[in-house]
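Several structures are given next for inspection.
Heads up, the next two complexes both have chain A, just with different partners, chain B and then chain C.
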Partner chain A sequence: MLRRKRWLFAILAILPTLALFAWLRMFPIYETLRLSLHKWDILSRNKPFIGLANFQELMGDRLFHEALLNTTIIAFGVLLITIPTAMVLAALIHYRTRSRVSGFYETAVFLPHVVSLVPAAMAWKWIFDARLGPLNAVLTFLGFEPQAWLFDPTLSVISVIVLCSWQALGYAVLIYLVGFKSLPASLFEAAKLDGASGPQSFWFLSIPMLKPITLYVSVVTLVSGFNVYAQAFVLASDAQGAPGRQVRVLVLDMLENSFRNYRVGYAASEAVVLLVIVLVLTLIQFSLLRERGRA
Partner chain B sequence: MSDREANRAATRRRMRRVLVDRGIDVVLMVFSLLMLLPLVFLVSNGFKTPQEMLAWPPTIIPANPTTDNFAAVLQDTPLLRWIFNSVVFAVLSTLAILATSSIAGYILAKFRYRSLNVIFALVLATAIVPFEVYMIPLYFQAQSLGILNSIWGLLLGYLVMSFGIFLIRQNVIHSIPDELLEAARIDGAGELWIFFRIVLPLLRGALGALGVLAFFQAWTAFAWPMIVATNREAYTIEVGLALFQTGFTVDLGRLSAASAIVLIPSITLFVILRRNFVQGVASTGLKE
Partner chain C sequence: MAAVEIRNVAKSFGPTDIIRNVTVEVPDGAFVVLVGPSGCGKSTLLRMIAGLEDIDKGEISIGGRVINDVEPKHRDIAMVFQNYALYPHMTIAENMGFSLRLARQSKKEIEERVQEAARILGLSEYLHRYPKQLSGGQRQRVAMGRAIVRQPQVFLFDEPLSNLDAKLRVQMRGELKDMHARFKTTTIYVTHDQIEAMTMADLIVVMRDGVVEQIGTPLDLYDYPANMFVGSFIGSPAMNFLKGAVRQVNGQQVFETGSGFRLPLHAAAAAPDGLMATLGIRPEHLSLSRAGEGLAGRIVTIEPTGSETFVVLQLGEDRISALLRQRLTASVGDELWLAPQLDTTHLFDSATTKRLTGS
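After this line comes the complex of A and B, so read on.
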C-alpha cells in the first residue's frame, strides 16, 4: 500500500516535467527528422513525402557546402586555439592559486564567456574595423599593410575564429582548473624529488592525466563551434550589409532556407546533418573514454 | 664554510622560485588584461565623441567624456524595453528550470523504478541534441499557440534544461542520505513535505549554481529569440542590438554605448554571483 502510494507520488511529481520534455524537446526533435524527409513550403497544407531528396539536393548545394566548410573550419580553428591555450593558462593559474590575484585571473579569463554575445562581438567589430580599428592601426605602426579583416574571405573566417576562441577560452580554463585540482599532489611531489622541472611535470604528468578532460572540453568546444551563429551574424556582414552573409555558417543557412526561402523540409535536412555531426563527435568521445577505461 | 655555502644555495633556490613566480604573474596579468581589453574599450568608446573615436592611439579614459551616444541610442531604439524583455524572459526561464529540475532530479535520484530509468535515459538523450537542431519545428509549435513575439514564445524554448535535471540528480545522490528521508517517512511526513522541507533546503547550493547558469543561458540566448521575436517591441536585448548594428547609418559610438548599457549590469551581476557561477559551470565538466 505504502509502496504503491510512493510510486504514485513519484509518477505524479515527474509528470509535468516529463510532459514538457516530450512536448518541447522530443516532439520537435522527431519533427525535425520527419520534416527532413518531406517537402514543405510553410504556406501549403500538404507536406508530400519525398524520401531522401532533400539530402540529395544538399550534396549539390553550393551554399550549403560553403556553410559546412566555414563551420567546420571555425569549429576546428577554435579547438586548435582554445585547448592548448586553456591548458597552459589553467596550469599557470593553478600554480599561482595561492596568490591573492588568482581570483582576478580566473574572472578576467572567464568574463568573455558570460557577457552577452552581441555586445562583446561589437567590441571585436570595432577592433577589426578596417578604417577605425586598432588592429589595423597596430599593423600600420609595425610597418605591415592594413587588411580588410571583415571583408576578405579568408580573414573574415579568421576574425570569427578569434572572437569565438576569446569566448570559449574561459569555459575551457575553468574545466581544466577543476581537472588540475583533482590531480594527486603526491605524484607531483614525487616527480619534483626525482628532479623534474615544472614544464617537465606539466608535459609528462599533467597532460596525459588530463586526457579525459581534454576529450570532454574538445567535444564541447567542437559542438558549440558547429552551432556558431551569433558571432558570424554580427561580425560578418557582406558588402551589402546583410548580416552573416560574409561568413555563411550552418545555422544561418538553415534559418535562411526555412524563413527566407520557405523550404522548411530542406532546412530540417540541414538540421539533421548538424545532428549527425554532433552525434558522431559525442560517440567518438565516449568510445575513446571507454578505450581508456579498459587500458 | 659549508654551512654558508648551503645557505647560499638555499637563498639562490628561493630567489629563483620568487623570480619564476613573478614571471608567471606577469604573463598571467598581461593575458588577463588583454582578455578584458575589448570590453574595456567597448565601454570607453561609448563615452567618446566621434572625433575621439578616430584618435590614435585609442584612449582608454575618454579625454572629454560625453553621454551623447547614450542619449541618442535611448532615443533611437526601445533599448530599455529590450532590456526589460530580456530580464523578464531570463527570470521566468530560471524559475521554470529550477522548478522542473529540482523535482525531476530528486525523483530520478531517490525513487528507483524501472519506468523512471527509461525517463532518465530519454532526458539524457535529448541533452546531446543541440537546440539549433529542433528550433524550427519548435517555432511552428509557438506559432500555432499564437505566442510569437511575446515573452511566452521566448519562454517556450527555455522551460526545461536536461543538464539541470542531471545536476540536481547528482547532488541529491551525493548529499542527501536515504536514511534521512526514511526517518522522516517513519515520523509520518508526507512526500511533498519531505521535498519542500528537507530536500529543497539541502539543495540550496546546487540550485544557486543552476539558477545562475539558467539565467545567463537565457540572457545570452540568440538564435531562438531571433526567430521568435520579429516585432521590434518584442526583441530581446541581444536581438535588438544585433539588428540595430546592421543599419548603415549607425556609428560605432552609439553601438558601443548601447553595448555598454547591457554589459555593465551583466558584468556586475556576474562578479557578485561569481562563486555560484563557477560552481555551476565547473559541474558541467563533472560527468561520471
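After this line comes the complex of A and C, so read on.
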C-alpha cells in the first residue's frame, strides 16, 4: 500500500515536468514530422497529405543542396578548429593555474560564448570588412593582398567558420578544463618519471584520456554547427546587401521556405533532414562511448 | 645501483615546514624504509628524491651526483605509487614499456625487456589486458614491472601496499623482498605501517613532524628506541609507558610508579635519584608473576587468540597491556600480577622523552 502511494506521489510530482517536456519538446518534433508529409501554405486550413513528395523535391533542389553543403562544411570546419584549439587552450590554462592571470584567460576565452550573437557578428563583420576592417589593414601592413572576406564564396564560408569557432571555443574550453581537472595527477607524475615531456604527456595521456570529453564536445559543437543561422545571416550579405545570401545555410533556407515562400511542409521536410543528421551524429557518439566502456 | 645521500634537506609549503633539516644516508643496495605517522613528511621526502617536489634547502645526491636541479627523468630512478598510477588506456605491455618507448628504444628491445619483467612478476599472460581488467595485486605488480623495465639505480615506493587487503599485503611484502634480493637495487620505501617497515627494511628511518627521530636496523629500533615516540611507534602491540620516578632503595636503583609499585632497574641505567622518568615496557616482555612481585592491576579486557593472550590491566591511573604466551583462567575484574623482564625495560626522561643512556 505504502509503495503504491509512493509511486503515485512520484508520478504526480513529475507529471507537470513531463507535461511541459511533452508540450515543448516532443509535440514540435511530432508536428514537424507530420508537416513534412503535408503541403501547407501557412494560411489555409487545408493541409493535404502528399506523402514523401517534399523529400523527393528536396533531392533536386539546388538551393537546398547548396545550403546543406555550406552547413556541413561550416559544422565540420568549426569542429576541426574548435576541438584542437580548445584542448590546447584548456591545457595551457590548466597547467598555468598558478599564474595570477589564469582567471583572466578563462574569462577571456569564455566571454564570446555569453556575448549576444548579433552584436558579436556585427563586430566580426567590421573586422572582416574589405575596406575598413583591421584584418585587411594588418594583411596590407604585412605586405599581403587585402581580401574580400565577406564577398568571396570560399572566404565568406571561412569567415563564418572563424566566427562560429570563436563562439564555440569558450564552452569547449570550459568543458575541457573540467576534464583536465578530473585527470589524476599521479598519472602525469608517473609519466614525468617515465621520461615524458609536457607535450608528450599531453599527446600520450591527456588526449586519449579525454576521449569521452572530446566526443561530447564534438557532438555539441557539430549540432550547434548544423544549426548555424544568425552568424551567416549577419556576416554574409550578397553584392546587393541581402543578408545571408552569400553563405546559404539550412536554417536560413527553412526560414525562407516557410515565411517567404509560404511552403511550411517543404521547410519541415528540410528540418527532418537536419534532425536525421543530428540524430545520426548523436548515435555515433553513443556507440563510440559504449565501445570505450567495453575496452 | 647507487647510494643516496640526503643532506640537511628542508621543505616548506607556505608557512608550514614539512621537512626540517633531514639528513639520511642510504647505502648502495640497501632497502631503506621511511616510516612515520601521517603528515610526518616521509612521502614529501620521497617525492623530493624523485624530483616531483623542489628542494628548498640542502642537497640530495644519487651515486655521488647532486640531483637538486636534475630533471626527474634524468635522475635514473623509478617510482611505484600508492594508487599504482597505471595508464588506463594502455595495455599492461604498453604501460610497462612506456618509458622505453619515450627513450626511443627499439621495438625488439622494449618487447624483450617487458617480457622479461612480466616473466619475473608472473604477468606474462596479462600483457594484452588493460589495468582495469586486473586485480589490485596484479596492478601493483604491473606498477613494479614498470619500474623494473627501466633498470634504474634507485627504486622509490610510496606506500605501495596500502590499497591491498591484509592477506595480499603479506604476500606482496614477500614478493617485494624477493625482488630486492634478486636485483639488489637501492630501494627507498615509504610506509606508515611499522610492521611493513620491520619486516622489509635493512634500515628504518623513523620520522615525525618533518624530523628524523631515529635511524637504525629494525631490531636496533625495537631494542633501543631513542625516545618515547620511536618506542611507541615501533612494535605491535605498542609499548606501555608508566610514569614515575627513579629512587635509591637499599643501595639499588628502582623505578617507582605513580601507583606505588617498585621495579628494579637495569644495572646500567644511569639516572640521578629523584628524576621524573617514564618506564617503557613492551607487552610481550611482561609475564605472569607471583603476588607481590612486579605490578598488579585489575583486568579490563582479555583477548585470547589461541597461541597467546592479550590482556589489559588498570594500574591506578595507568593502563598497561600484556601479551602472554600462557592461557589465562582469570576473568575481567580479577587481580593479576605481572613482572617485566629487567633487561628489556626502557627508561625515558619524562621531560625530554629521550632514552636514558644505558637503560
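In this text, the second predicted complex is superposed on the first by the 282 of 295 C-alpha atoms of A that agree within 3 Å, B and C clash if a C-alpha of one lies under 4 Å from a C-alpha of the other, contacts with A are read in each partner's own complex, and residues count from 1 in each chain.
Throughout what follows, a residue touches a chain if its C-beta (ideal position, glycine included) is under 8 Å from a C-beta of that chain, and two chains touch if they have at least 3 such contacts.
Just so we're clear, the structure is a prediction, and the values are computed from it rather than from any experiment.
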### Message
Tell me the contact category for A:G60 with respect to chain B and chain C: first, second, both or neither.
### Response
neither
* Asked: Who does A:I213 touch here: chain B (first), chain C (second), both, or neither?
  -> first
Checklist line | Which of chain B and chain C A:G143 touches, first, second, both or neither | finding: neither
- Message: With both complexes superposed on chain A, which partner does A:W126 reach: first (chain B), second (chain C), both or neither?
- Response: first
Is A:Q200 touching the first partner chain B, the second partner chain C, both, or neither of them? second
Across chain A, the partner (chain B or chain C) reaching more residues is B
Output check: A:G51 vs chain B and chain C. Expected answer is one of first, second, both, neither. What do you get? neither
Residue overlap on chain A between the chain B interface and the chain C interface none
As the complex stands, chain A meets chain C at residues 184, 186-187, 189-196, 200, 204-205, 208-209, 211, 295
Residue positions on chain B within touch of chain A in the complex are 20-21, 24-25, 27-29, 31-33, 35-36, 38-39, 41-42, 45, 53-54, 56-58, 100-101, 103-104, 107-108, 111, 113, 115-116, 119, 122-123, 126, 128-138, 140-141, 156-157, 159-160, 162, 165, 191-192, 195, 216, 219-220, 222-223, 226-227, 237-238, 241-243, 245-248, 252, 255-256, 258-260, 262-263, 266-267, 270-271, 274, 277-278, 281-282, 284-287
In the complex, the residues of chain A that touch chain B are 6-7, 9-11, 13-14, 16-18, 20-21, 23-29, 31-32, 35, 89, 92-93, 95-96, 99, 101, 104-112, 114-120, 122-127, 129, 132, 134, 137, 166, 169, 171, 174-175, 177-179, 198, 213, 216-217, 220, 223, 226-227, 229-230, 233-234, 237, 241-243, 251, 254-255, 258-259, 264, 267-268, 271-272, 274-275, 278-279, 282
Seen from chain C, its contact residues with chain A in the complex are 50-52, 72-73, 77-79, 81-83, 85, 87-89, 98-99, 102-103, 130, 146, 150
